[in-house]
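For clarity, chains are labelled A, B, C, D, E and F in written order, and residue numbers in each chain start from 1.
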Amino acid sequence: MLVEFGGTRVLCAASVQDSVPRWRRGSGQGWVTAEYAMLPRATNTRNDRESVRGKIGGRTHEISRLIGRSLRACVDYKALGENSILLDCDVLQADGGTRTAAITGAYVALADAVSWMRERRMCPGDPLIGSVSAVSVGVVGSVPMLDLCYTEDVAAETDMNVVMTGEGTFVEVQGTAEGAPFDRGALDQLLDLAVAGCEELTLIQREALES
Amino acid sequence: MLVEFGGTRVLCAASVQDSVPRWRRGSGQGWVTAEYAMLPRATNTRNDRESVRGKIGGRTHEISRLIGRSLRACVDYKALGENSILLDCDVLQADGGTRTAAITGAYVALADAVSWMRERRMCPGDPLIGSVSAVSVGVVGSVPMLDLCYTEDVAAETDMNVVMTGEGTFVEVQGTAEGAPFDRGALDQLLDLAVAGCEELTLIQREALES
Amino acid sequence: MLVEFGGTRVLCAASVQDSVPRWRRGSGQGWVTAEYAMLPRATNTRNDRESVRGKIGGRTHEISRLIGRSLRACVDYKALGENSILLDCDVLQADGGTRTAAITGAYVALADAVSWMRERRMCPGDPLIGSVSAVSVGVVGSVPMLDLCYTEDVAAETDMNVVMTGEGTFVEVQGTAEGAPFDRGALDQLLDLAVAGCEELTLIQREALES
Amino acid sequence: MLVEFGGTRVLCAASVQDSVPRWRRGSGQGWVTAEYAMLPRATNTRNDRESVRGKIGGRTHEISRLIGRSLRACVDYKALGENSILLDCDVLQADGGTRTAAITGAYVALADAVSWMRERRMCPGDPLIGSVSAVSVGVVGSVPMLDLCYTEDVAAETDMNVVMTGEGTFVEVQGTAEGAPFDRGALDQLLDLAVAGCEELTLIQREALES
Amino acid sequence: MLVEFGGTRVLCAASVQDSVPRWRRGSGQGWVTAEYAMLPRATNTRNDRESVRGKIGGRTHEISRLIGRSLRACVDYKALGENSILLDCDVLQADGGTRTAAITGAYVALADAVSWMRERRMCPGDPLIGSVSAVSVGVVGSVPMLDLCYTEDVAAETDMNVVMTGEGTFVEVQGTAEGAPFDRGALDQLLDLAVAGCEELTLIQREALES
Amino acid sequence: MLVEFGGTRVLCAASVQDSVPRWRRGSGQGWVTAEYAMLPRATNTRNDRESVRGKIGGRTHEISRLIGRSLRACVDYKALGENSILLDCDVLQADGGTRTAAITGAYVALADAVSWMRERRMCPGDPLIGSVSAVSVGVVGSVPMLDLCYTEDVAAETDMNVVMTGEGTFVEVQGTAEGAPFDRGALDQLLDLAVAGCEELTLIQREALES
């Protein structure tokens, strides 16, 4: 499925395998993992391909791990059985917030894959125990803002990615002072904004899955 | 730009740099090169990412080189000046003929990039001395066919990729006996088909560039 | 310098170079970066060397980036001039909280290096505009706790790393639900604990630098 | 065995293994593959070792794949049983046409290896269903020529590698316009030359195998 | 355990695995191997991390192999059973003679590991058939000297590493003329010095193991 | 040039470059280095290519370094000027003693290259200040022997490589106890044998260079 947030476009696809990583074998439990990548021309200035450089950069690694961790928060490994779901998130066009768009889209791809598996009776129970969505929030020129686009992102003094469940609890909170360090008050304001943003995304995800 | 041939979808983008590879410096001449890649879920069964495996496979290398070589056939290096054009061809969905679709689409991206450069007076002359398009042809069940889709491709006894200029001359002819070796008669039939196919693509390219 | 937090021992060393990365040259500004690594026997079960595997894992990348980003929060690049400081954080023994111990210790190594540079009049101004320390906090069995050791870390439902300045503002907040997602109340409690922990570390850092 | 074509010298050796690649296991069928490489001083100007650069170049990959594909055209996988034959083609001295010399020589090494296997009753049937040879042809100064040496190769406007069976059918046709694109007439002339060249090589191969 | 020779400090640790390398399986025999590495700031001028460069340098490879080979000289593989012992030697601070310090220290770690295994009845017999120690000797300004520190090492005309058993026989002799080649007389003097040095180290090793 | 010692055949070639490694620039001095490699079928059982594995093994590294170091013993860097000589030693067939054959042959290639440079007045003086040759000696079944072939090498209790100048002094002595450790008497006997062997090789080298 293709997710669009403003100028950001991410292709999210789930692949099901009837096996698990070596360290998981024989446990009766499944696994969910993710790979994030950006096409070289997703940004305005071309980035070198990581396949050509022969290694994956730290940023790519970090985001892939974040997406996998976030989605595992809504999965019951036992109900999944010894199956793996791999989520590919490929950024075709980047305009800020690619990692949170990827998480939000990957959840929909994951839920689709789980339905597909359940139709084929591939898993012993219902592995989906909730939903997950994510937003980026930030302080730009002292104003807290939701869903920063690229030019806002660059100008942000503080940048925060928040991953939440459909029930309003936190899965991951990552706030970074890009410029000046921030105080507790700013942190609280950003969290309020994030909570509202994730609520909205949860509704959109539900609609997408129902159609 | 996004090229679609049947079920095959390739994203082609040109990037201009005002520099050339080291071995070309000081020559007053430009360079054109290409990078081809496939998203892991472009095919029905997921392929591992080459960035994750840490090296580029032989097939990817081979196709990147073919695309670069083909497009250089319609470029005047001196008129380009000491600039480089890099063509990224990323396969979003693969259903046979991805390399020939990539060449045909990359030509349009190249021509667009050249127009953009000329508007900015970045090159001393007109670097585009013709056009280039490509088709795949093959013998399936003894019948010569144009534009094989994936299932036909797998079944093909002979598989041939032909790159031609808009004037009807050959830039590259690559024929491979997948099953039984082929004779001169079959080779001639396939070339006839390819000539007709490339003529048609040349018209489509012109329309795309005019609009 | 060697930092010890409970059973965790990290060797932190700063290296000064009178040059900056390529993208920074000619800016008149400096740069600070970090590399984190673990000896193979720092943990109870031996880990393979990343040099032998030929690539750096995602976790190592992620932590190196976090340390560098955290320390840059207390550095004035212009006052540093076109010099780089590289912080090596090598974990000799790991018992939870290695990344926060590394940040706290690396600050002391950084401050020492800056003193050394200023004695030699290597930088145009005073590059140190504050101090930085970090703690890990978590919820273990519903109880918020400071400075988790390894067994507590594994058992933690929520794990949070907080980097703060000596003035009590936030540089980085990274909270992850390892088990069940957490609510706003738990988040607030953890932040309170972290603030207190960082205050204490700031005092210890000052003493270490004065002696 | 050592193949010499003019100034080109290629060492071709076949290695037999009683196993097949993973994707082939349990099929009862064998596999044939090839690895091509050039010594650093095979050419007039030294080339860097690919082992030192840590990766195999696109050209090497491409030629290794071509050699393997060509030789598989004369092999019956079922008659070979679950065995592999790996052909090493190492260029000691290069003066044009190294890939076609490698194919022609590798066929002789392959036929020798098959005889050796059959004496030891290692394969269920006769895996050799024909012979394969290859030539390079080209247009130099408008004149079609067989077996280009290095200086001719560089000067060639069109360069074509043709792989044929001993029965005169085509296995692979690869024609590339190095300078100006070529027309159908030139293509036909080059194919005529190649057919004659391969016929001659087939005779030489037979003599080599009989002695 | 931490070994100190003058300004050189090496952390030596042994890890026991109940498996052996693939080529050793089913032989009923064990294996001993070693990995040597230097922290980036072990020397006065920082060295790049081999994990960051993505490959292990020739010097590191060479020393790891030397340590493994030396220690295997005092091991009975059959008495060890199908177990492996891996010795990690990490140089925290380097001031000459790191490889010989590593061998001497690794022997103590190995002997400790063997005791640990025997207490747990993990090996069929006593795998330790002797002891091993090593010294570096050299000619500095025509004077043969034992245990060169870094400044002496750089100034040495001849540099020799000698590995001996506790019984006074040679396991490895590696002499290199750094400046002028050396004659038989100098070689004999260096060997005499080495014999005396290793005798002393053998006593120290015994004491360390008894305490 | 091709060196043959019994069943061992090594191709040695020298390449001259009018530049030096980065750390040597501006010193007015030259450099000599070597690269050793083995063709996959040089041995009876095929070895994987190091270019395919993507990294150079420890043994290859070690031997390349030994060859370079040995040859530098007969070179005056100042007389060479800021030029480099790279010696490629490629083993076509291996039957024991490949590293010593490589050193002995590489010396002849080096002397040839120096003559070639001096004819072209490329270096300020005569960079060749002596000659270098090498032999392998060993104890097989208690009998000291010169020039072990592969089967003897495998059976050797002690294996020693000795590099000497044409004037009879030592450049490198590397003795390893493969089985039981050796005593001083055995060491002396092996050195006597090596001295005699190197004398003979020095004569053969002179003849080769005069013809």
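Remarks
Criterion: a residue touches a chain if its C-beta (ideal position, glycine included) is under 8 Å from a C-beta of that chain, and two chains touch if they have at least 3 such contacts.
On a predicted model such as this, the values are computed, not experimentally measured, just so you know.
Shared contact partners of subunit B and subunit C, listed by label: A.
Number of steps on the shortest path from subunit B to subunit F, with steps defined by chain touch: 2.
Taken over every residue number at the interface, the positions common to subunit A and subunit C amount to over half, indicating a same-residue contact.
Of the pairs listed in E-F, C-E or A-C, the one whose interface repeats that of A-B, with over half of its contact pairs matching by residue number, is C-E.
For the pair subunit D and subunit F, the distance between C-alpha centroids works out to 34 Å.
Subunit D has its Cα centroid 26 Å from the Cα centroid of subunit B. Shown for subunit D are the residues in touch with two or more other chains, namely 54-55. Starting at subunit A and stepping first to subunit C, the chains sit round the ring in this order: A, C, E, F, D, B. Residues 11, 13, 15, 35, 37, 39-41, 46, 49-52, 54-56, 60, 86, 88, 90, 92 of subunit C touch subunit E in their complex. Of all residues in subunit A, only 55, 57-59, 61-62, 64-65, 69, 73, 160, 164-165, 167-177, 180-184, 187, 191 touch subunit C in the complex they form.
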